[in-house]
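Shared chain: subunit A. Partners: subunit B in the first complex, subunit C in the second.
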Partner chain A sequence: MKVFGPWLLALIAGLPMVWALWAAASQALDVQAWQALWADPQTLRAWGLGVWTGLASTVLVWLTVARLLANGFIRRQLARYLVHVPALLATPHVAMAIGLVLWLSPSGWVLRLVSPGWTGFDAPPPWLTTQDPWGLGLILALWLKEVPFLVWVAATQMQREDLRRRWQAEHALAQTLGRTPRQAFAQVIWPQLAPRLQWPLLAVLAYGLTVVDMALIIGPATPPTLAVLAWQWLGDADAALQAQGVAAAGLLTLSVALLAAGAVVVLQAGVVLRKVASRGLSLHMTQAPGVVGWGERSRLQANVMGGVIVMAYLAVWWALGVGSVLGVWPFPQVWPTLWTRDAWVQVLGSASTVWTTLGLAVASASVCLLWSVAWFEVASGRWQRALRPVWLLPLVLPSVLWVVGLYGLALQWHLEGQWPGLLLAHALMVLPYVLLALEPAYRAVDPRQAAVVHSLGHGRWTYWWRIKWPLLRRAITSAWAVGFAVSVAQYLPTLYVGAGRYATVTTEAVTHASGGQRSLMSAYAALQMLLPMLAFVGAGWLGRPRQFEKIAPMKDTP
Partner chain B sequence: MNAGLHVEIDRLGTAAHAWVRGLRLHVPAGEILTLMGPSGCGKSSVLAAIAGTLASVSEGLRPLQFEGRVQLNGRDITPLPTHLRGVGLVFQDALLFPHMTVAENLLFAVPAGPPASRQARVQQALQEAGLEGLGERDPSTLSGGQRARVALMRALLAEPQALLLDEPFSRLDAALRAQLRPWVFAHLRERRIPVVLVTHDREDIADAQSVVELGHAG
Partner chain C sequence: MSFDFPITRRQTLGALAAATAWTAQAASPWQDTERAARGQTVYFNAWAGSERINAYLQWAAAELQRDFGIQLQHVKISDAADVVKRVRAEKQAGRQGREGTVDLVWINGENFAAMKRDGLLSEPFARNLPNFQWVDTEGKPTTLVDFSVPTDGLESPWGMAQLTFFADGQRLPKPPQNMAELLALARAQPGRITYPRPPNFHGTTFIKQALIEYAPDVKALAQPVTPAALEAQAAPLWRFLDALHPHLWRGGKQFPQNSAAVRQMMADGELLMALTFNPNEAANEIAAKRLPVTVQSWQFAKGTVANTHFVAIPYNAPSKAAAQVVANFLLSPAAQARKADIDVWGDPTVLDVARLPVAERARFSLAPRAGQLAKSAPALPEPHASWVDALEKEWVRRYGV
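And now, the complex of A and B:
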């Protein structure tokens, strides 16, 4: 078990992953396709748009997160962040994009609220407010989605008991040395925190650069971003265009790699600069990259940004709810003249869609949870460190390239367009999230606890069932819910590996978003959001800590 | 001649650096041997080698290698996993399981048997620790001294054939330490088992006749 376990587990997850990578890489090395890609007039612009939206959203997210964390840390509100942020995280990207469209499109609420009074419009103007050619809508949507993600990752780190105590002590110490709370954070805490956020930040960058589903709804259209263009080419009947799509996916991958390397260099340069500067006299000069201006104004900014984000989520949820029961809704009117349940009747009537979604989510989350727990229990620290980058690959690889590989794998294993193939594709996408969700809890386990249990004469199964897993229950249930949510939100793998034969609430939401059926797309988006939220609520209930009778702590009286 | 705990450590350490070399300990039943030494000299690793928990101690670092032999009451326990060795462990932190009540923590240690008699032993242990009526409590509401007593009772309830204490008093303040020591030592001697106590504080020495200074000892 000790010897075979890690090998077996590594093989189970590693084989399909490496196989898919190989299938993608071998297809992406087609010289003719690269020449065609180079010659295509849309390529350069689309590439520029993709890089722009990815970089702009990432920089904005980084600046925002730095300020929010400083505020949360100084005012001891991180625990509160951790309570509320999961609700924001549970809102899928597609649902967020659709909610924003309902507000920002030319016929959306924003313009209705001020029409015709201020604008004089009796009909929606021919503006490109949501699929704007500059990608501003997409940047906004990415910013709204990624800030809570990064805040959550950072806050879970900062709330680890050992780190929290140490950092609070260091923060207090820096203030006794004459720093304001904000300077103390910028000079002492942030330099320690930022390197820990490097990988999640790169995931944000990779996601922003390569996102397809969200960009289909709220991203620029003519030309779209390179990821969307690649996706369109992949779906073309013409084999040459398909190959060009694979090449475009390859180009995206290279771009992600280069930009990620650039980002790492910038972050490292910041660390080096700070070291050099702190060897000199003026610690005042040293600042983490992206964290300029820690005056009182930044506190105000943090409050405003936090408020904007929360308001935007409330507005999106509200829009999806109201949008799903819209009947007749002539333009300048804020409220529809006719409400209807039709969309919901249709959504809930499409039982196969809902069941496919639930089945895939439950199965892939459960499979990944079992695998991850087994991995953490059986694999030694050396195994875990060595293979961690492999398991996290799906996070940084562009999903358009990944689905090419997954489809190749499905074809070769005769699973394309079939449920097992779809499950495999979902599971590979879900795995890194489940691993990441479990990892901090597993790292926090005190090894002496196992020693105590064994010294009391109990073997390792007793330790797992009675001590360790009950204590990790919260992490385990929420990791399952994370996996469930990730699976529900999958768009590309579902369509591509499922060969279009399987519909989930996500694929339906995206389809109806481009079809312009407002109430139907809202209803699917609302359901797409409700399912993971229910999973999180259920996980929270199952993972609640044991409630003891509330009694005041006792003191020793020598 | 074979009774008690015999420990022979030829070499204990990483591949690059030996913490302990050529250490021989013999602890007869009913005796408390105190292992002294400054922090970082490998005292806790010696206990881990005896209990068979080196893997969990060295988690994250390179695994510690142990060359030597541990015998308990004439039985060579070196190849056995921890849970079959019959060696109890108490750390400086009480390490009570936070999802169990005080009584459940104690019950976890009681060997299998009829439920009524297991419960009776838990109640008796609570009484001996001066914690009657506190069995249903959340362990985190106990005071530091109470937690330390529960940890010791828990270790003893498992009926170990030897007990190892790793700086058991170091988290308590001086007054409490002075109060707790005689209670702990009295309970240990009552059991007639070999005990090894690791500490860096001379005040903690249980028996001046039985002290080994690590680093100076052969």
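And now, the complex of A and C:
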């Protein structure tokens, strides 16, 4: 098992992944398509817009997360973050974009609330508040959606029992040397934490650069970002334009790779700086890159930013709820003149859609969880380090490229339009998230426990079932919930690999967005949000800590 | 709605002759087809952005199950080009006959042209369908010629479409009757008019309407496009758009994604007017409480672009017999009348209603509804399918960057 297991597991996950990549790459190497891409007048500006929105949102997310984490760490609120952030995580990107548009567009809630009283408008003004040509709306939406993701990943790291204790001790030590709590965090904790967030940060960057569904709803339109163009070209009936779409997906991949390399260099530079500093230079020079101004003022900023994010989510949920019953809603009236229940009647009538969604999400999350647990148990550290980048590839490669590869794979394996093919496609997209969610907890396991159990004469299975897995219960259940949420939100793989035969709440939401029926779109977006939320609530309940009342000294107070 | 087309003696004779010929030659093959179709499942790939269309197809599925033992599965798609792409990928992967995933597809225009050109369609079938005899091929020539590409029986007509505008009569009492009046309106009320961004097909249709109105020689548009023809015929179009764009929504620098977005902004009061391909869309939306009852529909006085939408069978459809039975059912007077009913869908029929037996004709006489087109204008034929791509590319080069 020790020898054979890793090979088998690597083959199970690696073969389809590499095959899909190969299928995509072989299509992307079409010289004519690249020439056509180069000659297209939209390419350059669309690429620039994509890079701009991706980079700007990533930098903003990074700065925000640094401040929020500093606050959370110093005020010992990280555990609370872990309880509340999943509700924000469960809000799908599409739902967020739809909700924001309902508020911000020239005919949205914001202007209706102050019109015509304060503004004098009796028709929506010609303002560029959504789909603005600079991509600001898209950047805002990405920021709102990615901050909770990164905070959650970081908080799972910082709540690792071993790290938490060590870092609290180091933080206290730095304060005894005269640092303020904030300086201590910036100089001691942050430099250790930042490198651990490399992969999730790359995922944020890649997502911002290559997102399609959100950009369609709230992103710039003339021209759109390159990812949207690639998606439009891929869907064209003309084979040459399709090839151009694949080339555009290839260009996006290259861009992500280059920017990622740049980001890694910047992060590593921070580590090097710190090493130099520890050889005697003043600690004041060791601020991590991008984290300037750690003054006390940043505490206020963190509170404001946290508040803004929570308020925005509440506003979006509200807008989706009301949006799903909107009938006729002429500007500047705050409330619609006609309400309609039709959307919910129809949603309730499409029970098979919900069952397909649930079935796929449960199956792919469970398959990935089983695989991940097996992988962490049987693969040695060397195996894990070597193959980690491969498993995380779906996170950082553009979804438009993946869908080309996955569809090629499904065709070659005769799995298109069938349940196993769809499950495989979902599982590949879900796997990196489950791994990321599970990894910190596995790293934190104290190997001495195993030794103690074995010395008491028990085997491996006893150790797993009675000691280790129960201890990891929270991580395991929340990893499953994350996988569930990722599966629910899949659009492109479901559409292509399922040959359109399997409708999920997400494909319905996007299809209805193309038909522009606001109430139905909002209702499906609300449902798309509700399902993962239930999964997170269920996971939270299953993963609640075991109660040992007699031995409970592990309070946060040092 | 009513479709009163004068029946000529020649038409009646022609129809009779066709019907007799069909009875003589094809009666028994059609019974064979129906027999073979029993028990088969038809995966019908059809755009599903409207719950009315989905509900209509659910009704059709129940009828087909009861009368023919066929299971009709609506595969919901957001763009027919996805299906073209999928069938092409299946062909490239070496899928043979009956190994495909699509039995029937809702299609027209450049998607049909692409499938026909690339040999992605099954053998001709439309003229063998018993109900094809009622199709108004004379009064509605687009039932045989799809965007100037002959259908050759590779697709069977399903419904009619014609560019139609709608607006709230209280805000726009005197709707424009041609592109020149539209320009004057945009000048008078800047920022309140727009059209979807090509290559969205409603946006492209708006461009084609302007092209037809301004082209020096309309006949040239029925031929495949050449660079010279594009330059000669489209020059006045670009001059018109250059004049129009500064007065459009967001200064003509930004365009909405699709006609649904335009409709939504019209309903909210951000825009003055919206456009559609379904003459009954406004009536539909009023019935669904998404538009106020004061909305009215109209077409330009001298006519607007019109076309037909079809169903086609891919080369590798697993259930070809059942797909033909479904296509025939969709052409039946009962199914066509139900489809034309505004409470159901409101999609105009392809049949020659005047030629139908009296009992069948009665199905089509329905009371007029709020928002419905008061007077239909002449149908202008679509330019040849190859113009679509050329116009879109040139539009993007000029205005899309």
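One rule holds in what follows: the second predicted complex is superposed on the first by the 529 of 558 C-alpha atoms of A that agree within 3 Å, B and C clash if a C-alpha of one lies under 4 Å from a C-alpha of the other, contacts with A are read in each partner's own complex, and residues count from 1 in each chain.
FYI, a contact is a pair of C-beta atoms (placed from the backbone, for glycine too) under 8 Å apart; a residue touches a chain by one contact, two chains touch by 3 or more.
Since this is a predicted model, take the numbers as computed values, not measurements.
When both complexes are overlaid on chain A, the residue A:Pro420 reaches neither subunit B nor subunit C. Within the superposed three-chain model, A:Pro116 lies out of touch with both subunit B and subunit C [touch as defined at top]. Legend: residue contacts after superposition of the two complexes on their common chain; A:Ser455 is shown touching subunit B, with no touch to subunit C.
Between subunit B and subunit C, the partner in contact with more residues of subunit A is C. By the touch criterion stated above, A:Val328 is placed in contact with subunit C alone, subunit B being left untouched. Look at A:Asp446: by the touch rule set out above, it reaches subunit B but stays clear of subunit C.
Subunit A has no residue lying at the interface with subunit B in one structure and with subunit C in the other. If you check the complex, the residues on subunit B that touch subunit A are 48, 51-53, 56-57, 59-60, 81-89, 91, 93, 95, 97-99, 101, 108-109, 111, 136-138, 140-146, 154-155, 158, 160, 164, 172-173, 175-176, 178-179.
Within the complex formed with subunit C, the residues of subunit A that make contact are 41-42, 45, 106-107, 123-124, 126, 128, 131, 133, 216, 220-223, 232, 234-239, 242, 327-332, 337-338, 340, 342, 346, 407, 411-412, 416-417, 495-496, 499-501, 503, 507-508, 510-512, 514-520. Of all residues in subunit A, those touching subunit B in their complex are 381, 446-460, 466-467, 470-471, 545-546, 548-549, 551-556, 558.
Interface residues of subunit C, counted against subunit A in their complex, comprise 43, 45, 48-51, 73, 75-86, 88-90, 93, 101-102, 110-111, 114-115, 118, 191-192, 197, 199, 249-251, 253-261, 263-265, 267-270, 288-292, 389, 396-397, 399-401.
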